[in-house]
Amino acid sequence: MSTRLLQRLFFGAITLFLAAPIVIVAGVSLNERQTLAFPPQGLSWSWYAEIFSDPGWRGALLASLALATLSAALATAIALPLAWFLWRRYAPWANIFRLLGVAPFVLPPVITALGLLSFWVTAGGYGQPWTAVISHAIFFVTLPLVTLTLGLDAIDRSLIEAASTMGADDRTVLRTVVFPLILPNLVCGYAFAFVLSLNEYIVAYMTIGFTLETLPIKIFNALRYGYTPTMASVSIFFIAISALVFTLVARWGDLPRLLGALPSDEH
Amino acid sequence: MRREPPRRAADYAPLVFPALMLLVFFVVPFGTMVAVSFFRRQPGGFYTPDFVLGNYERFLSPFFGNVLAFSLALATLAAICAVALAFPFTYLLTRRPRRVQTRWLIGLLSLLSLSEVIIGFAWSTLFSRTAGITNLLVALGLMSQPRALLPSFGAVLTGMVYQALPYAVLVLYPALVRLDPTLIEAARTLGAHPARAFFNVVVPALRSTIVAALIMVFVFELGSYLLPQILGRPQHWTLSVLITDQAIYQSNMPFAAAMALFLVLLSLALVGLTLLIGRKEGAA
Amino acid sequence: MTGLVLRDISKRFGATTVVDQVQLTVPEGGFVCLLGPSGCGKTTLLRMIAGLEAPSTGAVWLDGEDITAVPTHQRNLGMVFQSLALFPHLSVGENIAYPLRIRGRSRAEQARRTEELLNLIHLPGFGDRPVAKLSGGQRQRVAIARALALSPRLFLLDEPLSALDAKLREAMQVELRQLQQRLGITTIVVTHDQREAMTMADLVVVMGEGRIRQVAAPIEIYRHPADAFVADFIGSTNLIELQLDANGRAWAFGCALPGLLAQGPGRATLSIRPEDLQLTAPGDGAPVGRVSFVRDLGATIETFVEVGGKVLVAVTTPRARAQAQPGDAVGVVLPPENCVVLAS
């Protein structure tokens, strides 16, 4: 039974490694005074309230939320017709666009950030908030693209044929059969893009970092110029949001399957 | 609704918006960057359209050579550590029931999406003098006095491994979750100890998956930008940091663009290698 | 002219011809089976009738109207697919009501018709069940009900029973036949199972290599197969090479076969069913063979006889005659009234 124990220990050690920073940061966020101390000396929720009461942090939070909401929507709006076209029509040449969608995500982010920076400087509009929306949308387009492609590929084509034998034309098939079946994938792709946009630093920094602060930018600046436990409370807040979003995704769809497992019979 | 080639002009309609967006906002910026890498830098931070290879010649300087070597070494080391830890971890995870896996996947995805800033902050806290793990060690009597463990190479490495670990798990997940459980069972009926079966059966069977994961994590680590700055000294700065530094603070866009292009080519070559390995494995 | 008419229908995929010059008339209210081995083109033919594939040449006529260019969703058909294709995101009732819903029929009418159909398929009250919770046979029936929701002109089924286990399949064959008789709807079923075709169809269309080999009532096909392919595909048979002399007398295994006359001289193939082949004591000028194997299945006995390098099978019930043992020499009798002479 010692291998069992070793397995348990190993698993536990990794878990500890992964969880420790989070635990420490959580502890630090509850510290009463404005110092970096663990274990916390005196407990206070004030630093969580500060996220909403301090205009600097609140502004950054709103900026992040707005950026995430809009850019995820734009990314999905780009991904949906593309995924649909690649599934509906036989056009191998169009896969180049799939590649273009994946590229910014797979390459080191600094490259995409730099490219977009030089673009906005040259084309004009550098520093405007909407440039960040477009930049993030392009950066994250691969997420809804992948989830939608998976969803569409999973549709049994005989369902489409059956619908047309029952009198549904193309538009009706799209509305009554295809769309309901890919809705979980649509939501999942949006959720991924939303969460990643919230947390993204470098593209946001390079495009609007000098005019607007998103939360990650503000945290980094705070790291350099002045410590406040609000950094910690914001971090925990972000983790909570991410966990919530992914829990919802898991409830609605089959998360292991979305990440590469085969469909199973267990529920 | 049959899958046919597009015939009428209207059939192409869905493609228009995505194609436009991707061409204008990705291809053009990328092209701009390629062009800029050949421009001549003017003192004062401007650059004129030109075609010089001077920016690329700077690659040959010892300074750049050092940074490059360091970046590659750091990324390699971090990738090896991350995959070495992630592989057994993912294996054990995939043997658990589906519900448990889902919970873990939620946690891993949450960690993965965590901003590099936050990870940097969390580990800078953990390594700090006033709130870090040295305090714990002092309390346990293993150390006499709390000490700051950063900035240091070890801190940067730890932070990068931490950042890469969830990513490595998710890259390994599809292959490991589909692994035939009877492989290990067969080995055990033949007398192999479970740990031995793991090393002698599972690891070799997934050799190309491991190599592919190493490459993917390596490319991921190349992109690490904030952690070296937060947890390390300037000598620990990687190529990504240098690129940003040159672009924004040194106002030397052409050089930054040249380095970025180099990074792209390197990444593309490695990703291409990964796909090649994947194809060979599929054909086998 | 009512009913379905196929004229000169062919389908080519690149260089391969999958369906070759098919002519077929299906009377209104008839039950037709397209029967043949896999790859013979029967499913492609069905899909062309449904409009899911376009014929390379030829026309499809329904009730006097050329529907070749009419898209599938306007043909007013009901079709059951091999995979059943039930919508996973809809309940049983919603699946059945789907054709009505997309045509904008009222909720009341949808509910009424759904209930009617659920009763017809013996699944009353199943309306709210999720599709995933049904058994194979229940799913089958829901697919049938859904196809019939709008009382279509044509009812098409592509290997509908292949996913069911043997016992259920037999029960469903009978149910389908009874349902069709009750509704009087023109029905075409694709199958590779000749027992299924024999049970359900008024008319069997035997297909091989893209062409129609024979169209006839089931028992007619069995008794008088048009060629060696049909004879061999339907039931089991013994195929024997004949030599025909100038007088039209037939010779097999070097012996003359009394009572059998055909157009000669030349060669031909003779088909005789195992239950018609008779074994006697050697002598009387009949071909002599040796018993190589006996298979006693309880209800029947199969005797394998080697004659002139070929193995023939005779089937009898145990009471019919004394059983021959392996190694015995036997005479093989081919009663002319049970022989079918086929072109070679």
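Note that the chains are named A, B and C in the order they appear, and that numbering of residues resets to 1 at the start of each chain.
Quick note on the criterion: a residue touches a chain if its C-beta (ideal position, glycine included) is under 8 Å from a C-beta of that chain, and two chains touch if they have at least 3 such contacts.
Predicted model only: the values in this text are computed from it and were never measured.
If touching chains are joined by edges, the resulting network of the protein chains shown is an open path. A comparison of C-alpha centroids places A closest to the centre of the full protein. Chain geometry summary: the mean Cα position of subunit A and that of subunit C are 56 Å apart.
One finds 17 Å separating the Cα centroids of subunit A and subunit B. The mean-CA centres of subunit B and subunit C are about 60 angstrom from one another, to the nearest whole unit.
Listed for subunit C are residues 52, each touching two or more other chains. Looking at subunit A, residues 161, 164 sit in touch with two or more other chains.
By the touch criterion stated above, subunit B contacts subunit A in their complex at residues 1, 3-6, 11-12, 14-15, 17-19, 21-23, 25-30, 32-33, 36, 85, 88-89, 92, 97-98, 101-102, 105-107, 109-111, 113-126, 128, 130-133, 135, 162, 165-166, 170, 173-175, 177-178, 193-195, 219, 222-223, 225-226, 230, 240, 243-244, 247-248, 253, 256-257, 260, 263-264, 267-268, 271.
Of all residues in subunit A, only 3, 6-7, 10-11, 14, 17-18, 20-22, 24-25, 27-28, 35-38, 77-79, 81-82, 84-85, 87-91, 94, 97, 100-101, 103-104, 106-119, 122, 134-135, 137-138, 141, 157, 160-161, 164, 170, 173, 192, 195-196, 198-202, 206, 216, 219-220, 223, 231-232, 235, 238-239, 242-243, 246-247, 250, 255-256, 259-262, 264, 266 touch subunit B in the complex they form. Chain contact summary for the complex, subunit C toward subunit A: residues 50, 52, 71-79, 81-83, 85, 87-89, 98-99, 101-103, 146-147, 149-150, 156.
If you check the complex, the residues on subunit A that touch subunit C are 156, 158-159, 161-169, 172, 176-177, 180-181.
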